[in-house]
Each structure stands twice: as structure tokens, then as C-alpha cells.
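Two complexes come next, and they have one chain in common, chain A, joined by chain B in the first and chain C in the second.
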Partner chain A sequence: MDFLIFKAPMLMVQASLDGILLGILFALIAYGMALQWGVMNIINIAQGDLVILGGYIAYTMYLAGIHPAWGVIVSPILMYFVGWGLYKLVINKVVDRDLFISILATFGIAIVFQQLMNFIFGADVVVAQSEYGTTMLFDNSVTLPNSKIFSAFVSLAYAVALVIYMKKSKLGRAIRATAQNARAAKILGVDTEKVYAATFGINAALCGIAGALISITLTLHPYVGLPYTVRSFMIVIVAGLGNLPAVAISGMGLGLFEEFADYILGTEFRIGAVFMLLVFILVYRRFKLSKKREYLK
Partner chain B sequence: MGKVKQKDLILYSGLIILGLAAPYLFSAFKVQLTYLCVLIVLAMTWNLQGGEMGYNSFGNILFYGLGMYLTASVQVGMFFPLAEWTESGGEKTFVHTTAQYFQGIGVGLLVAAIIPALVAGAIGYAILGLRGHYFAICTLGLGIAAGEIAGGIEIIGAGQGFTTPPFPAEIVDPEARGKFFYFTSFIVLVLAFIFVKYIYGSRFRLILNAIRDNEDKAEAMGIQTMKYKIVGWMVSAFFCGLAGGIMGGLIGYIDSTDVAFDGREMGVFMVLMAILGGKGTLWGPIIGATLFHFFKEGLWTFILGWQYVALGVLIVVIVIYFPEGLMGWLREKYPERFGEVVDEKDRKSQVELK
Partner chain C sequence: MNKIAKLFITFISAITLTLATISSSFAKVEDGMIVLGSAISLTGKYSSNGVHTQNGYNLAVDRINSMGGVKVGGKSYKFEIIYYDDESNPKRAAQLAERLIKQDGVHYMLGPYSSGLTKAIAPVTEKYKIPMVEANGASRSLFTKGYKYLFAVLSPANQYLEVAIDLAVEKNGGKPVKIAQAFEQDAFSQDVRLGILDAAKRTGSKIIIDDKLPKELNDMAATLAKVKATKPDVLVVSGHTKGALTAIRQISEMKVDVPMLAMTHCDAAKLSKQHGKKSEYALCASQWHKNLSYKDKFFGSGKKYDKDFKKEFGYAPPYQSAESSAALLVFKDAFERANSFDRDKVRDALKATEMQTFYGNIKFGPGGQNVAKPMILFQVRCKGDTCENKVVAPTKWASDKFFHPIPPWSERG
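Now for the complex of A and B:
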């Protein structure tokens, strides 16, 4: 335990800014999860591994001499097809089944992804250097990497674009219709199979964007996918499905929590704190609902 | 009924004789046999609440790891200062005598069985109120959080790990270590089997099944579901703790995320084994664990490096194509053997509604 943060107000500003910028990134991943959870009723444990894979795409570009920021355009395009392929290969067989089946199946996918990434990209922690420099605030007492600001803006831009796309386009309408009632949508001529594949592809593309941003702001490692899954799961259960402003706010809240936990408990407990927060949120919701004799559904 | 009883008797005595003779017959595979016993215990007790109660937990690894750390800590802490042991290669400075070693591990295993069960009881009320996939994800989080937190606690070795006391050097027989761990795990296996078998014949199982099939209705029938859920989880935790304690001693080294709270291996294995054999059956998890172990040991060395890929693919294939497991498949094929009567006329007359 270290309470230095409460003695130095500038550290608090630092942690808050870091947390909010990070939280926007988490919200982007969570939005993808909410989308496919709402439409296909699937909890994708491999979500985080899709993020990391997207990050490695940007990192590969960086190794090839292309600026990794281009990853935010290339990575989603490639990841869309990865997601689409994954849907055709595995996910379409678990869509109508029990949720536990989908959890276990995607858990298997997550293990395969982790290991393949370990073979291809090695087990080292890597970063793609964006060389954007840092912004100094408050007489140089708060440092803010420009890459983080860049990532927050890119996330917001993509989120807004996606919301507009979902509202206006034909596919967006079809996706929303399927989410409301898959059977009715089918009767009215929506090709739900196509919609599911597209939804999973869009989710993977969102993961790809987030991954590319993570490759320049944070670090990549083949085995750090699961925390991203848990973070997005947490954001979704707090915010609810299909409520974008709430997703953004709870994403930022999670980012703040993490940065403060990092300062107070120490970096070695950071991931532990995230997972404990998940347990606490679920238990809190459970007690709150049990007063009304209901349970989380 | 008398005939069936006799058949059972022959089966059980045969299995016990096989179990007792195994370390002498397959002398080179004692460690593998110990693993097998532990895996069966884990699968069988996971099945008790995953298969029978319908609460699919990814977090039983929590109790396994807890048992492992507790056994080692008690075994060391009873005779030597724990902090100094874990700080820098304590096994070289402090040496357990033979009596101390066995005393330590005995008490350690006892503690490793009781404390996880109590922990399960304590957190059970909060956690078991969650249902379905929320329970699964919550327990997944618990297991991983435990690993991360254990990796930050200094007194149990933190990130650099915890070396469990080495087997006493005074015993010269090189076979003794393997035999000791094998027989300990075999005793635990027999105890677990007797207990689970007893549960299968009791009202308790029916209640667990009622909870699985429809918890609301079970509650409406006046069953205090929460009480039974907690007891069911405590039973799992009890045996998971014991299994963890044995494995800690066998492996000789505890790492927070790779050995103790090893959600990526053991945590998945126990779920997979139970599903492979067939959830909600007495013999399913046992057969599943045995098959899985043979598959793993037979294939692992040939596909070195690719074993996790194979594991992941195996999970996906089993979950998608055999969600009922081996026993479920047999049951579908030979329903008479399971005491089910199928009316062909009725079956044919049924129209599939979708």
C-alpha cells in the first residue's frame, strides 16, 4: 500500500488523465462485445486475444517500416476477415446453444490464438514506437504521451462512425432488427446468418482498432488478452447492452479505477485488482437484485 | 438386485487391486499415475457442482491453488520460519527430518482440505447467488485474481515461487517418494469416489439435479437451494484442496500462475475432462479424465510446443460436437443399458418442433 498519490495532487491529475484516456480505449472493446452479445447472445472470451492480434498486425507494420498509426486502418480490415472466418468456422455452431457452450468454445479459441501468437511473434513484451512525443502540462509535472491522446481521439471517431453506420445503413438496420428478434427478422427476409457473420466481423474489426492503438500506447504480449476480455465484460454488465454513452462512461470509470489501483496497491496487483473488481461488481449486482428476489439474467 | 451388487463388488475390488498394484506394475510411471489420480479427483468433484448442480465453475482452481500453498506453508511453517524459507533457497538452509516431513505434510493436507472448504462456504453465499454464465465468468475472475494476488505476496514467495520441502534424504529407497505420493493420491481418490458414490445414491443428488433443471421451481417446492448449493461447492473445494496439496508436494515447486492457480491448464482440464466423459454421471468424469490423461501424455511429447493449440482445438471440438460427452453418447446409443425404456412408436410419432 502506498498513499503517495493522496499527498501529491499532481499525481492525481496524472492518474485521472491516464485513466480517462485509457478508459475510452476499453470502451471501444466493450462496445464490440456488447454488439455481439446483444445480437448473437454470445460471450466471447477470445475478445482480448482478438485485440492482441490486432495489435500485432500494427506491430508487424512497424517492423516493416510503416508507421504503426496506419494500423488503425489496416488492422480492422484484416481483423474483419479474421472475425468472419472465425464465425464461419466455429461461432455459427454455438449461436443458438447454451451460453456456457459459447464461453467454453471461445475459451478454446483464446488458447489457440494465444499459442499461435506466441509462435509467430515470440513471447517478448513489445511496443510499436509511434514517436509522437509527449505533452507536458502544469509546469511539466504531468506528462501525457501524445500517442494516448491520439488513441482516445481515434477511438471516439470510430465509435461515432459506427453509431452512425448502425443507425443509417442497411446492414446496421438488419443487425439491430436481428438483435431485437432474430426470428421475426428472419421472417421478414433478413439473412440472419449473414448478419451474424458481419456482426462478429465488426466486433473483430473494433478489436483490431483497439489493438493497433494498444500497440502504440501500451505493450503487447501473447498472454495478456484475458484481462481485456474481462474489462470489456465488466463494462458491458455495468452499462447494459446497447447503451453507448453508458459504455463510454463506465469504460472511463474502469480506466480511472485501474490507474488509481496501480498507484495505491502497486503495479503487481493491477491485474488482480481488475479481476477482483469484476467479482465485486457481480456480487454487488447480485445482492441488489436479490432484494427484489431477482437475479442477473 | 443381488446379482448387480455382486457384479459391482467384483468391479470395485478389481479396480482397487489394480490401483494398489499399479505402482509396482508400471514402476516407471508413478508420477503419471499420481497425476491421473489427481485429475480424476478434480474431474469428479468438478462434476458434482458443474454437472449435477449446473453451476459451471471455472474457479475451482482457486481451491486447488489454495490447497497447494497451504500444504507447503504449513509443512514449512510448523518447523521453520516461513519468511526466511521463501526468501532465499530455504530448502538448503533448513532440512526437514523424516518425522518432521511426514508430520508436516499430514497436517498440511488436513489444513489444505478444511480451509478451502471453509473459504467456499464463506464466499458461497455471495458467489452462488449468480447464475449461469455470470457464475462462470465470476469464478473465472476469482481464479485469475487469486493467482495474480498470490504472485504479489512476499511471504509465500511472490513471483519467484515457493520451493516445497524436498523428500527426506534419510530414506534411501529411490522409489519411496513416488510410492508415497501415489498412495496418498490413491487414498484421496478412493475417499472421493466413496463420497461421490454415496452422494449419487442420496437425496442430496436429487436436490442438486433439481437446482440444475429449474432452480426457481426447486425453490418454490420448498428446497433451500442456497444451503445445498453451498454444501455442494464446499465438497468440491474440500477435494480440490487435497488434490492441490498433493500436487504441490509432487511437483516440488509452486509458482503462483503456472503451477498453483493454473487456470490455463488445470482449471480448464477439470472442466474439459468432465465434459469429455459426460457431465452429470458417476463414471463419466473418471473415464473422461483417464482418456484425457492418456491422450495428453501420449500426444504431448510428439507435438511439443503445439500442445496448447491441440488443447484449444480439442476444447472447441468437444464442446461443439460432443457436449454430452462419452457417457451421453453411449446413453443415446444404448438407452436400455442406462435403465431407460424407449418406446419406438412414441419416438417416431414425435414431430420435431422448432
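Now for the complex of A and C:
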């Protein structure tokens, strides 16, 4: 049974496409994390909870009779302000402290968000319906939900827009300058406080988009944020900070790896396999670094 | 803070603590009240079902009290419940059970919501020899530990979907079937899985896909792709509400054709409301349905219970509420037969319970599980855009015929 995938080549196509489509979505969340990690040196444990909150915004629209796909526009706008507010309220007090403090602070934010969402939206698992239908390939043997294709395209579009914005706009330049050297940027007249708030806002907005997409492709629940945090953390670890193409590739790679691990090792080892990969990559990196150090000596 | 203030605070706390322990010795049965205790999930991830459970308890308490209460030793007593919010957290639930027993002096407990929390509380009630009637912990492992003070009014988890396999075999002309199954890796779902394994062995059926879904997973695409490739006769899914909603979403989106689909938690997931016609033909395991013909003198019938519950709380009772109400009926019956408040006498009376409630027959097996009540299966059927759950098995209560096989997606509008 374990090697069903090698007997049926169409399964291979299905698995690859599923993995890539999902991976792109995860890459979007990971890019937000990489951005604010790079700029502010904060590992945001509440990342996944911001995603879920974004999803609930789309879900609320769905309940009100608006098509949830509009959530990919409304949700990031609202979430930008949520992120901005969070920065002003909590993050600005921990931004130049050590990593441990910021992890604790964002962990606290995660708990508060979970409980608030539970309080407002209830503890039921919910879904929003996009009614986008299905694309069937190869005589129906490969089926792709259009909602997944839609979500991959939206993620890509936003990612490209963000890259251009970072390159061309004044704020984008300021963000990049702050990431390189916050002190030097400050001396040269960059309002780093504003840059930090904007960065956190942009990250929350990216989470909002991803959340809206998750509401139509997967399911929402106040307590399912953590897996998204963990996955984006992994993608960033693999890709490194501030490198969008690497984040996208590592996101898709992880998506693919997960799907294939499911077929080959079994579903129960799917997430375990990803963690094993993470350990492997960390060890490998350390090994490479130590070699470099030896050479320098 | 200066020393005097510190001393003062210590003094006050000492007095409060002493008073708290003294007051506990009166609490169990006082002023014509029988005090029951329950840790219940009012916040956290089980809060919706926690509230259903609490509503079920409260409705039964009101009903029993207004109909003359519990008669022990010629005197009439009323029920009262002390609730604490366990925040859906097993550790907290165990602490609260200790608190109910040691500080509030509760001598009889009602169960919390979910198998996990019941598992956390059972060792505590067992340690203090407190009889607990629980209505929401179905995991088989609760009934294999040799607990003496635990009684469950519901059918154990391994029975949830066994009936579905029998039904599939029956529809296959008595021949063994090919089963594909996907279960979340938690105590409850894995128990449901054990039930399927038993049923498969009994009927000679073959399990061709046996996926265990990690708890964090909300994507079943890989499992469903395998189902598409291997064409089983029946697909069984259990992963709480998340599993049910994910399965229907992805089965419909990936156009997976399977003749029979059986799952758990359909009504808790509000499947027919959230997914509408996409959920049609799904077969769901349930502990109770209002159309069953059981009767008792407190709630009358299931239909009447449904009506009264709606009037009180404004929504139709899920089975979690019904079974919780039944727990109170069991307690009342046991107190009256024991005719005493001696905990061991009450326990023995509970052990000997054999009664019918609107929720079903109740008789406890050696492990404390209810052995007198079968599980039922309903099928989601739609007329236009409104979908309803129709009981299809066991045949005694079936209001509709079981629709089989599920038409392929290409023929479904």
C-alpha cells in the first residue's frame, strides 16, 4: 500500500500539484514572517493566529452574504491596522530586547487572540463556500479544486506586488535599509519606529490574505493557528531571511515533500517527516558553517 | 509592603482557608439539596459542546426538581449542580475535580465534555471514591481501566461506526467489502478505528487504506487521492468536527466517487448547514435522535425533549445535550433505589441500573459503559436546498430508507 504512488503515475501528478498549490499559500505566510524577522528580529509566534483572524474576517463577510473571495482585499486592509495596533501596543516595547522576550510577548498575543476569536466567533469549526468548482485533468484522474488554484494565484500576485513595492517605494527602501542596519538608517533620517509599525502591519496584512484563502480552501477554528506558525517558521529557516524567491521555492518544496511523505511513509508521519527534514537542514547548516570557520582559521 | 501588612495578609488567608475547609463538611446534602459537581468546558476549544452539556444537565435538574425532586428516606430532595469552567484543559479539569471534592465537599459528580477530560477526572473521582455519571466520554480506554465509580450513559466509541460496515456488507449482498478509512490520531477516533477493525474481521472485509491523520492536519487531499485510485466500497472518516468538514469539502471539490461514506460528528459540525447539498448521502453515527421511540416520565419522548429544549435554549438539542440530561435521570433513579446518601450504596445502586429514558435504555457493563443502547446511523438527505438528517439504521427506528450507492458527482447537480 505504501508505494501506491509508484504504481499509479497520475497520483504523482496529483500529489505534486496539491503540494505546490498549498506550498505557495504557506510561502506567503512565511514571507511575512521572514520580513518582520529580518527587519525587527522578532519571531512572531502569533503568526498563525493572525492568519486565522484574517480567515474569520472573510468568513464574517461570507455570513453577511458577500462572496468570501473579496476577503483577499478587505482582510489585508483590516489586518494591516490590527498589526499596526499590535505594534504600538506591545511589540514596540520588546523590539530591541532579546529574542526570548519577543517570543514570550508574541506567545502571549497568540493566547489572547485565540481566546478572543473563541469568544467572538465560537469554538465551532467553520468553512466559507466559494462555489468555484473543480478543474479536471487527464480524464478526471487528477482533480484540482479551483479554490486552491485561485489561492495560489492570489498569493503569487500579492507576492510579486510586494517585491515591486519593496524595490520601488520610499517605505520599501526604508524597510530594507532598517533591515540592513537599523542604527545607521536612523542616523540617516529613517523614522525606524514608523518602519517597524509598517512592517508589522504588512506582515499582518499578508496573514490576512492567507487567512481569507484558507477560509475557502481549508477550515477555520480559533485554535488551529499554531501549525501555520510552525510551518512558516520552517520555511523561513530553510530559505533564510529577506529572500522572497527562496521563500517561495522552499514553501513549494515543503508542500511537495509533505505530500510525498504522505504517500511513501504514511499519513501519520506526514508532519513528523517535515520536522525530521528541519532537523536535518539545521544540522547540515551547522556542519557547513563549522567547515567554513575551520577554513578561516 | 511593610511587615505588619504582610502579617495581616497571611492571617486573613489562613482564616479564609480554614473556613473553606470547615464549610466543605456540610456541602454534600444540605437543606433538602443534593449537591452534584461538574467541571465543564465553558471556554476553550470544547466550549460549544461544553455548553450543550451544561444545558442538558440544567434542563434535567429543573425538570426533576419541578416534578417532586428525589425521594430518599421519605423526604424529597432537590438537585443542585456546582459548575467550574475547566477551560477545555485536562489538567485544569483534574484540579477542579479535586477542588469540588475536597473544598466544596461534593460527593457525586457529573462528567465533563469529551473523552480526554473525562480521562483526566476519572482517576480523581476514583481516588476519593466519588460516583461519577458521565455522558460525554466515549473512549473505550475509559472502560478498560477497571474503574469502579465511573458510569457512562453513552455507547463506547468503538461502536460508533461498526453498524456502517455491517450495512455496507448487507448492501454488497452479504459479501465482504473493501474499506478505506482515515482517522485522526486522538483517543476517540482511534477507538472508532478499533471498532471498524473488529467489524472488518468479523465480516471478512479488507481494509485497503488505513490513514491516521495527524491532529494538526486540516488537509485530506492525499488520502482522498488514494481513495480515488483504489475505489473502495466504503470510506470511513472520523476526526471530530474538523475531520467531518474537511472530508466533505475535499470529497466534493476533488469529485471523489465512493458508494458509501460514513463518519462521526456530522451534527456537531452542522454539516448539512455548512456544506448544504455537498454533504448529501453522508452516513453519520449518532448516540441519539429525537425520532427514537424511547420514553420516560420526565421528558416523555425524544420529540417532546426536542421541543422543550428548543423552548428553553432556542436551538435544537444535539445528542450531547440529550445524553447529559439522561445522566441526571440515572442519578435520581439510583438515589431512590439506594434510599440513602451513602456513597457506596449509591454506587451499588448505579451499578444495578436498568432503566429506560427518553435517550435510550441504560444498563452498565462491567467497565461502566452503557451496554443497553445501540448506536444509530442517520443519512443527510436534501430536498432542494434544505438538508436534513434522516435515521436509516437500525431498521427499528429508520424513518427513511438508506440510499445506496451514492450517485457519482457527474450526476449530482
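By our rule, the second predicted complex is superposed on the first by the 256 of 297 C-alpha atoms of A that agree within 3 Å, B and C clash if a C-alpha of one lies under 4 Å from a C-alpha of the other, contacts with A are read in each partner's own complex, and residues count from 1 in each chain.
One rule holds in what follows: a residue touches a chain if its C-beta (ideal position, glycine included) is under 8 Å from a C-beta of that chain, and two chains touch if they have at least 3 such contacts.
Just so it is clear, the model here is predicted, and its values are computed rather than measured.
Peer 1: Under the stated touch criterion, which partner chain does A:S215 make contact with: chain B (first), chain C (second), both, or neither?
Peer 2: Neither partner.
Peer 1: Please indicate which partner A:G266 is in contact with in the superposed arrangement: first for chain B, second for chain C, both, or neither.
Peer 2: Both chain B and chain C are touched by A:G266.
Peer 1: Identify the partner contact of A:V90: answer first if only chain B is touched, second if only chain C is, both if each is, neither if none is.
Peer 2: first
Peer 1: Does chain B (first) or chain C (second) touch A:Q36, or do both, or does neither?
Peer 2: In the superposed model, A:Q36 contacts neither chain B nor chain C.
Peer 1: Once chain A of both complexes is superposed, is A:T199 in touch with chain B (first), chain C (second), both, or neither?
Peer 2: neither
Peer 1: For A:A15, is the partner it touches chain B (first), chain C (second), both, or none of the two (neither)?
Peer 2: Only chain C; A:A15 stays clear of chain B.
Peer 1: For A:L226, select first, second, both or neither according to whether it touches chain B, chain C, the two together, or no partner.
Peer 2: Both chain B and chain C are touched by A:L226.
Peer 1: When the two structures are overlaid on chain A, which partner does A:S151 contact: first (chain B), second (chain C), both, or neither?
Peer 2: A:S151 contacts neither chain B nor chain C.
Peer 1: Now for A:Q47: first (chain B), second (chain C), both, or neither, which partner does it touch?
Peer 2: After superposition on chain A, A:Q47 lies in contact with neither partner.
Peer 1: Looking at chain A, which of its residues have contacts with both chain B and chain C?
Peer 2: Residues 115, 119, 226, 230, 266, 268, 271-272 of chain A touch both chain B and chain C.
Peer 1: Once bound in the complex, which stretches of chain B touch chain A?
Peer 2: Those residues of chain B that touch chain A are 56, 126-127, 129-134, 136-138, 140-142, 144-145, 148-149, 151-152, 158-159, 264, 268, 271, 275, 305-306, 308-309, 311-316, 319-320, 323.
Peer 1: Going by the contact rule set out above, which residues of chain A touch chain C in the complex?
Peer 2: Interface residues on the chain A side: 1, 4, 8, 10-11, 14-15, 18, 22, 115, 118-119, 122-127, 129, 134, 136, 140-141, 143, 145, 147-148, 218-219, 221-224, 226-227, 230, 259, 262-263, 266-268, 270-272.
Peer 1: So in the complex, which bits of chain C are touching chain A?
Peer 2: For chain C paired with chain A, touching residues are 43-49, 182, 185, 208-214, 216-219, 221-223, 225-226, 228-230, 240-242, 245-246, 249-250, 253-256, 269-270, 274-276.
Peer 1: Using the touch definition up top, name the residues of chain A that touch chain B in the complex.
Peer 2: Spelled out, the residues of chain A in touch with chain B are 43, 90, 93-94, 97, 99-101, 103-105, 107-116, 119, 226, 230, 233, 237, 266, 268-269, 271-272, 275-276, 278-279, 282-283, 286-287, 290, 295-297.
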